[in-house]
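What follows is a group of structures, each given as structure tokens.
Both of the next two complexes hold subunit A, though its partner changes from subunit B to subunit C.
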Partner chain A sequence: MRILTVVYTLIALALLLSFPEPASAHLVSTRFGELYSGLIHPLTALQHLVPWLGLGLLGGLLGNRTSRWVLLTFPLSAGAGALLAGGLPATAAIDHVNLFSFIVLGLLVALSVRLNRPTFLGLTVIFGLSHGFANGTPDLSGVPLLLYAVGVLLAAYVLIAIATAVTQLVSQRAAWGTIAIRAAGSWIVAIGLVFGGYSLTAGV
Partner chain B sequence: MKPAAWIPAWIPAIAVAALAWAAPAAAHDTPIALLTLKETQPGTFVERWTYSSSLNIAAPTPVYPEHCVAEAPRVVCGELGLTGDFSFEKLGERYSAAVVRLMPLEGPKRSYTFTAAQPVITLTASGILPLSHIVAAYIPLGFEHIMLGIDHLLFVLGLMLLVSSPWMLVKTITAFTIAHSITLGLATFGVIGVPEGAVNALIALSIVILAVEVLKLRRGRAGWSATYPWVVAFGFGLLHGLGFASALTGIGLSQANLPAALLFFNIGVELGQLAFVAVVLAVAWSHRQLRAELPRWTETVAVYGTGTLATVWFYDRFGAIVAPLVT
Partner chain C sequence: MKKTLKNDLRPLLAVLLLFYAAAAFAHAETGVAGGLVSGLLHPVLGFDHLVAMVAVGLWGAQLGKPAIWVLPITFPVVMAIGALAGVAGLPLPFVEFGIAGSALVLGVMVALCLRPPFWAAAAMVGLFALFHGHAHGAEVPSAVNPLAYGVGFVTATGLLHLAGILIGVLLRWPAGDKVVRACGVAVAAVGLLALTLTFVPA
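So, the complex of A and B:
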């Protein structure tokens, strides 16, 4: 926990220091500001929302010692991915990785695979970066992009925290819990296959 | 009374403090562009823009009904008058809302509010607005106002840290809601009027006071504010209601639309407030469930940070009031 404390404090410090006063205009001069745009975008897009829920389900099945690290790795990776998107050209490979995340995460949940911590955290970083990148936009640069990326980070943090905790509660307290969660995993695979098929035939 | 450990302060405070740092002293500015259309001859109008945004950014572009010919500042609509579909381009990107105040040669003045959720309004000769328009325009406006109002959110967060049980939280948030609804209504109907600058400065001060009370509570010195947090919520809620009113009073709504607009604006504010409270509670619960909690000193730092930020806002806003008097 001490490590988490230090890292969280550093995050808070970094966030505070990364918002110089001139950046403030962007938050109030736009409708919800870039921060709110970043916050809302992944939560209103099926291609992000479903795999993120899948990651939360997987984390919740793995127990406290592993799952709580996802609160750190996934949001930071998603935020970093959104920042990278501002400086790098868009590539179809990212969309393919995101489609792949449906299948991988859904299967891992459906089969209730007990991943070890490094593998699980590795997946959270890879998919965090890819989904964050897909959420990013090259139209923003400088501080607005940073605000947008922080919004993506916050969305990832809130969604993963709640999904992981709810999954853990359900799997521990209800006899049918794990079965229901594994069934949800199979649904994520099915959604991924439908969505992937549609996207690939549409020329993603 | 034990400190309010059931909501770890650092969870929401880190996020909100980051947001708060990003927002300027005039944090709860809801930028609204006002377009006045005065009929000078039958079917001919003259445009006049007023920007109520403190940032004074360029106005959104109006899209008049097809039969109207716009050559700024004149708009010629002919015999049909200003009727039909009226909209604004890219509304929501720079301005929260645009208000069209129509001053016909005959008949009462009318106001129409456009938002990103309600970008097109079909104007009629009678000027009567359907209830659906008011609902679609003012609920998002109220929701947006509190979401952009980081200082309001910080105050609600402070209240959450002050209470020691879910039931007390319900009572406290209810007291805040009732109080700000009272002053929001009184200010919108023009019964009371308070200078916006002074209200904003006092709102910042209310956060400072609340942060001090939270710190005292966490040191085991529970004062009357921790024992009766709903009294604090009600008292300062009256003040925050005046702040909410600033978004409505600048619009210049017609008396006919005012009651419904006020009602749905307030509903939007409440929905935003409840959404914020729900997210904070959900995240706090998640951390407890996952046993991902931090030492107490991090919580203290978060509360100090929030109080410091609000103090800076207070001096900034107070300075904005005093500066013109001194120079």
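So, the complex of A and C:
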């Protein structure tokens, strides 16, 4: 009797497994789906990725004690910005601040400006909020928005952590390291100038 | 149907193609890959662009400090200012002439290992950066993704400088100095050819 029960259970299980749910009912598009959306969005959009890298480079150049704080301030403000975007109307001013972030962060890296900690952390909060806001979407409300914002926060944390760590490693261990990081900063300024000029003239 | 490996592979290929679905990111930014590739290729496919950028790195290596580190940091920014003029559609006279001429002049500088005062070298390279930037910038409005295109051409230009600087490491050896100067001769030759072609009616 027990053996038959086991056999029937196995047959039922095999039948169930042979009728898999369609992929649309997948974890990615339900439940935690918005977490992944929030995670992927800033990492696949160059208008966020490039200045965020710039921020990581700047944090790395400013040393351990300062870059430790950016791991807290930037992701939290980016997450908060994404949450705010759920309740507030979109505005072009945010895009202008984000364009400005290319130039400011790139220049600070290229010139290797030794910002004091409060100023640097203030910048991380301002740009965190503006980039988080631009990542946010008013289409989501309630739990999905919170999940989405947590995704943005995690993306910000991962990217900034890697960028600051690599910058510190390169700038401290290699003789050419700081020059390479500063050159990367000037690339960010150049990209910002070209994209900013295009956005303003084309009215994007 | 004849049993061959090719025929056997066809169904497998068909199944594999089914798996190769386009990424379904419901994302605002499109054409990133296309824009990036066209941006990366733009400075590389114009041969006079390519050799001139490598020559900038070579000359920087010959000039040593401070040119070797001022150059890779300032060039992209000056180039971007030229690109802005291109984006805005402002005409810059003799762009092609300027680009080909830059390859010729920089090639001669490297070949003869000329060392003008730093400010003069910087001004010369800065002027050339404007021409190169204008040519890249003029393509931005028609790019499939202007930001990705911008990232591409700035990165490619920076990497070409790096290539020149890395070849310049050979300067540590006496024979390497000759190799670098020979590279300068090659760059000047390409520049001269490109310059001649600008006078040939299309």
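Everything below uses one rule, namely that the second predicted complex is superposed on the first by the 172 of 204 C-alpha atoms of A that agree within 3 Å, B and C clash if a C-alpha of one lies under 4 Å from a C-alpha of the other, contacts with A are read in each partner's own complex, and residues count from 1 in each chain.
In the analysis below, contacts are C-beta pairs under 8 Å (C-beta built on N, C-alpha and C of every residue); 3 or more make two chains touch, one makes a residue touch a chain.
Because the structure is a prediction, the values reported are computed rather than measured.
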Which holds for A:W187: it touches subunit B only (first), subunit C only (second), both, or neither?
second
For A:F195, using the defined touch cut-off, is the partner it touches subunit B, subunit C, both, or neither? Pick first, second, both or neither.
second
Identify the partner contact of A:I94: answer first if only subunit B is touched, second if only subunit C is, both if each is, neither if none is.
neither
Scan A:V104 for contacts with subunit B and subunit C and give back first, second, both or neither.
neither
Subunit B versus subunit C, judged by how many residues of subunit A each one touches:
B
Regarding the shared-chain residue A:L58, is it in contact with subunit B (first), subunit C (second), both, or neither?
neither
Once the structures are superposed on A, label A:V150 by its partner contacts, choosing first (subunit B), second (subunit C), both or neither.
first
Is A:I162 touching anything from subunit B or subunit C once the two structures are fitted on A? First, second, both or neither.
first
The intersection of the subunit A residues contacting subunit B with those contacting subunit C is none
In the complex, go through subunit B and note every residue touching subunit A.
10, 14-15, 17-19, 21-24, 26-27, 29, 31, 53, 55, 57, 92-96, 116, 144, 147-148, 279, 282-283, 285-287, 289-295, 298, 301-302, 305
Contacting residues of subunit A [partner subunit B, same complex]
1, 4-5, 8-9, 11-12, 15-16, 19, 21, 23-33, 35-36, 64, 67-68, 71, 147, 150, 154, 157-158, 161-162, 164-166, 168-169
Using the touch definition from the top, list the residues of subunit A that touch subunit C in their complex.
37, 40-41, 44-47, 50, 110, 179, 182-183, 185-187, 189-191, 193-195, 197-198, 201-202
Touch list for subunit C against partner subunit A, complex:
25-29, 32, 69, 72-77, 79-81, 83-84, 87-88, 137, 140-141, 145-148, 150-151, 154-155, 158
